[in-house]
Amino acid sequence: MTLLPTNTSFAADEGLRSELQKAGVFVVSLEWVYNWGRKSSIWPLGFGIACCAIEMICTAAARFDLSRFGAEVFRPSPRQADLMIVAGTVTKKMAPQVIRLYNQMPEPKYVIAMGACAISGGPFKQGYNVLKGVDRFIPVDVHIPGCPPRPEALLHALMTLQRKIENQRTLGSDARRTNPAYRGENRECPIPEFGEHDLVPPYNPEVWKPHTIVREA
Amino acid sequence: MTPINPDQLIVQLTQWALSFLDSYPLVAVLVAILLSTVPLIAVFPGCFAITTWLERKGLARIQNRIGPNRTGPLGILQPAADGIKMLLKEDIVPKTSDRLAHFLAPVVLMVPAFTILSVLPFNRNMIPAAVDTGVILFFALGSVSTLAVFMAGWSSRNKYSLLGGMRAIAQMVSYELPLVLSGVTVIMMTGSLDTTKIVAQQQLSEWIQSSNAGLQCLGQIIGWNVFTPWGFAGFLIFFVASLAEINRCPFDLPEADSEIVAGHLTEYSGFKYALFFMSEYVSAFAINGLSTTLFLGGWSGPNIRPPWSDDPNALLIPGFVWFFAKMFALMLVMIWIRGTLPRLRVDHLMGFAWKFLLPLAIMNIFVGGFYYYAPRWHGIPVVGWPIGFLVMYLSYECIGRLNRGPKTAQRVYHYAS
Amino acid sequence: MSTETIAPREYQIYSGDDLRTNVLEISMGPQHPSTHGVFRMDVSLDGETVVKLKPVFGYLHRNHEKIAETTSYLGSMPYTDRLDYFCSMTNNWAYALAVEKMAGLAVPERAEYIRVIMAELTRLQNHASLVGFLTNDLGASGTPLLYAIREREHILDLFEWASGARMMCNYMRFGGVRNDLPSGWLAQCKKVVDDFPAFMDEFETLLTGNEIILSRCQNVGVLPRDLAINASITGPCLRASGVDYDLRKVDKYGIYDRFDFKVPLGSVGDCYDRFMIRLLEMRESVKILKQALATIPEGPVNDSKARNFRPKPAEAYGRIEGPKGELGFYLVSDGTPKPHRYHVRPPSFINLTVLEDMCLGQKIADAVIVLGSIDIVLGEVDR
Amino acid sequence: MLGIGILKGMVVTAKNFFGSFVNKRLLPTIQYPEAGNSVTLFSRNIPFLVYDNDEDPLGTMRCVACKICEKECPPQCIYIVMEKDANGKPAKRPKVFDIDISVCMGCQICVEVCPFESIKMDSTFELSTPDRFEGLLLKREHLLKSNTYFHKIHPDEAQEVDDRLAAKQKKPAPTPSTPAA
Amino acid sequence: MIDLAPILAKFPPVKHDAAANALIVPQALALEVAKWLRDDPAYRMDYASNVAGVDTLPVEKKTKVKQPDGTDKEIVTKKPGSMEVVYHLYSMALKHGPITIKQVTTRENPVVTSLTPIYRGAEFQEREAFDLYGIQFEGHPDLRRILMWDEFKDFPMRKDYVEPDDYEYEPTPHDAVLAKAKAHYPKASTSTEAAS
């Protein structure tokens, strides 16, 4: 195994790599090692909100076994977690705490919105106390639809996240541009306040870009 | 050139290497130091990695799961992935924390954890620091970890951390007593604080030096302290107290995750957390190494003399194999316990140390004394053994009953008509 | 019986001249490993002793009642699944029962049997997982919980087979159940029920005699009988305090009067009793299931007339013995297709009334297991 | 004797440890994705629209855009616009049929109320996506699946539906009616 | 069915609502009635199972009545709105029930008597009714918001509550939502559906 700490583009290496592999030489870039480490050891925050949390626990249990992916270490403290699985309805009363937890996690950190409620408010979106999607306040990496999603859907989302991590740039100057975790800027999301009728502000404009679908009635 | 002795191969190699530096005594000393410390620093983190893997796989199997299997064959590279990830994690220091103490705590925990390893004899003539007062040094340095845990708890400026730190102090100070007292019996019997002498005392040298292979094997086993009543009781007390000393389940109160989140570790992230994690495992190795040395015959194990060797002390299997095997066996028991037991409550924990383990350890000292002076028949403790065993069993039962009292009992339930 | 409410005791902090202590206030939750979801306890500690404990709710208040008042009667059925997400079947049943009571609908014989079977399976998996969660609160690293979930999967498979979903079954309908059981279901159910006692034996060997569990659960969080009645505690918590009140016996709703089962009662009312009562109730549920599976008749499973009913102005309160206690639905109809008032009486919410009483003077670790032994599900507490 | 309970518990866990190597019951793990998944022939997750002829999905879709499901859907995740032909007359099929699966709770009520057997439940679950909107808003094209597929995922139910439809063929086609409640 | 006649006889101001088979208890008497129900050996209603607030909007019903002279006359019947608190009482000792008692109050100034001094079990449910309906419970030991945050000003379960306008970006909007959403959407392009 040759270690090639390379700053050149990963994609450009791809051809060379496969050719070398044919010749029996396995070239591993430092970046690959980094990303492999990060994707193989995703420790989730032990944080369940509602129904989906039960399916999350089932995923960790014998039948589905999240630990095969090295991700069964549910850390109670956000400081040691890499992944926040928002498993359940985020209410407006709960939203500030969710954002606070997200802020407390060290970079690089990921968020999976598990289930309809976390993505958009889901079946409860008509409720006055329900946040219409956790992505109004924090950036979400993977969304899992379903109510609740099957445990395998969570595994599928974890693999989707792993693919995303694989393709992230961690080294070199362009890593700073493409990978927000290495941008070095303060990624703390502002925490909304409890207002008289609603959260103030109702969403974080930096994270949430309102998506409009225009229809004729 | 002496014939190759598999048991002493590393020692011979070291001596051979050092023989080149005979003319530069100062350099020789430095190299000797390096040769005895570097392996420690290299081997034990490796052991730590294997143990975390074992723990995750073992716990998984206990819980009917498979465990990590995506990273390398059987997931063996999982610790590597964890390590790489931890290295890359952001290091968060809370704004209000005491920065210096927050930084120092993992270091203060790690340094003694590695240092105490140096008084353990891994093999014959293989001890990094042959100190006459090895056991004392071990306990003295080992208790520094209490300070580190409290530093972590205090400096984080987090209420959960503080509670964890407080619990850690109370727990570690209390359990130090039964831990040391159960070791005292061994020291009494050996008459020495030197760990090498303690191991040597557990070997029947005339059997080992006989020409019968069976006797050679047996001679390495039969003398272990754990096969005496005081040794057995002492070993159990020592093992239980050591669980508490290194915050393992069921005594993991300082980081009780269902009560106080992660206790003193709540505010630690990234590499500092990894250091904490590693130091705790290295302390676990150290304390298991000591209980191996004190009660399980140290590096001795079923072994025979190599047929080509004339050296009466030569052995076929290097002693450190047995040493590590025993140490890992104890680690596995710890994992097994972790997979089974819930946690104690803080007042039960203290009660258990002061009201149960401590009297038992003191009783054990008396039994040890009696065993030492009891008349023997052809060197076999025909009086000391059964009486000592009986006394220990009775005191276990009595102290157990006194502690349990009428408060907890199996209940009978009835049904509504 | 006293004439006044039994008020919470005050815990006296030791305040002698020789020792001054300050109260440490910590807020456990809403994200905390032990709170079974997003529940918060504002705890004041004297050392490690709880001197004040105020529960804070609403972190999962997702407006179930308001949404139900803007949806048709049938449209609320899937929402009831999400109340107590462990027990969607019993929630369905309670809601269906209330509507049937209000609209005067009858349920076919076979549907009644299916309901009983589903409800008792629900009770089995709920109690098994609760005991698992309780041991997690006690600090076990998940082993009993995962054994419980291993067994729960068998029951969830049955639910999925019958209704299509593992957890959110949405299976019961007004006047019956949605669809008949698939062929082979009953045989598989028999197998699961027959295997269950073996798991319970294993579970009891693992837990009930364990000295650590004994010492941590016994005489912790004692709930006196009078207080339990006065504070409207229901379910296993009430019966652990020695009150014989099981709606399956009292109301005899459905067809529970046809089955032979007993109601286990505790004597002390502590965490250990609550824990044991659940284990014993599981044994009784297995008994009911065996009887129901042996005697289930053939026939229709729903009332075809019930499909397009329009209720008259009326009100009804329907309640069943859910695994967590009395689950009631209070419905007021004003003649429109939507309920005028839809109120849930969630057992775990009301069982939390006495949380402070049980925790005062105990250690903080006890507060965690007292909460665990009440068996709350936040979907139901906050709705 | 103190400690017996603990030892008994440890025996139980040891049995499970060793049992997991020999007993299938004690190692129930389905290694998704390599060894399949636990989806059964009865599982439901999100709805899909059925068409009959594999050649002509749009022509043979059963949906007539009666909007009953849109009205009855408890979380209101369905949006239907009926297609109009050149003369502005309704063409009895949807021009737009969107299901927002980020809202759908898979309750199956749309299936129950549909008088044309045109909307059924799918058991697919591998839907996770980083794309919040485009990835989770299923349009008519995504939702249309053939009856053959329906037979594949839910054979019993599909057979029942086919029988029912065949019986109905003999009788005149039903008129869409809005059920009360 | 429990015989309610002795209660009506003992407390004349208590009315019987035949439709719901409930007792309508005036506020002043509520505590006394509840205490009597709890302690009377024939009733022993020791268990307050359920407490619910009910809000009814005033209804204005316009009906056209044909006058004898052939013209239509519009008759406006007004039903005033009301705020009710409903208690379902059971007996654990005698295993019977329920007795439903209601306290009726006005929508404008909803004040009722708290039964928490008699039944601890009503404590959280009354707090919930206060939180969601704004009903004041006199004599409640700890009347704070329970489900919503403290700063919240509205009473969301009331029928005339207007929720904050925050699901305007829904991909599958419907009637009311669509109307609201139109205010937020940019001016419609000609295409029927255009993703942003």
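Letters A, B, C, D and E mark the chains in the order given here, with residues in each chain numbered from 1 onward.
Quick note on the criterion: a residue touches a chain if its C-beta (ideal position, glycine included) is under 8 Å from a C-beta of that chain, and two chains touch if they have at least 3 such contacts.
All values reported here derive from a predicted model rather than from experimental measurement.
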| Among all the other chains, which ones are in touch with both chain B and chain C? | A, D
| message | Measuring from CA centroids, which chain ends up nearest the centre of the complete protein set? | response | C
| message | Taking the mean of the CA coordinates per chain, how far is chain A from chain D in Å? | response | 27
| How many Å are there between the centre of chain B and the centre of chain E, using C-alpha atoms for each centre? | 65
| query | In whole angstrom, how far does the Cα centroid of chain A sit from the Cα centroid of chain C? | reply | 33
| task | Mark out which residues of chain E touch at least two other chains, giving numbers and ranges. | result | 147-149, 156, 170-171, 173, 192-193, 195-196
| remark: Within chain D, the set of residues that touch 2 or more other chains is 2-3, 6, 9, 12-13, 16, 27-29, 31, 43, 74, 76, 79, 81, 96, 100, 102-103, 105-107, 133, 137
| said: Using the touch definition from the top, which residues of chain C touch two or more other chains? | reply: 32-33, 58, 61, 63, 66, 78-79, 82, 142-143, 146-147, 150, 153, 168, 206, 208-214, 382
| task | Check the chains against each other and report every pair that touches. | result | A-B, A-C, A-D, A-E, B-C, B-D, C-D, C-E, D-E
| Partner chain A, residues of chain E touching it in the complex | 147-154, 156, 161, 163-164, 166-167, 169-171, 173, 178, 184-186, 188-189, 191-196
| query | Where on chain C is chain E touching in the complex? | reply | 1, 3-7, 57-58, 61, 63, 65-66, 227, 229-234, 243, 245, 250, 313-315, 317, 319, 326, 328, 330, 332, 340-341, 343, 345, 349-350, 352-354, 382
| Residues of chain C touching chain B in the complex | 24, 26, 32-34, 48, 135-143, 146-147, 150, 206, 208-216, 218-219, 244, 246, 249, 262-268, 272-273, 276-277, 280, 363-366, 368
| remark: chain D contacts chain B in the complex at 1-3, 6, 9-10, 12-14, 16-17, 19-21, 26-29, 31
| field | Interface residues, chain D side, partner chain E - complex | value | 70, 76-79, 81, 95-96, 98-100, 102-103, 133-134, 137
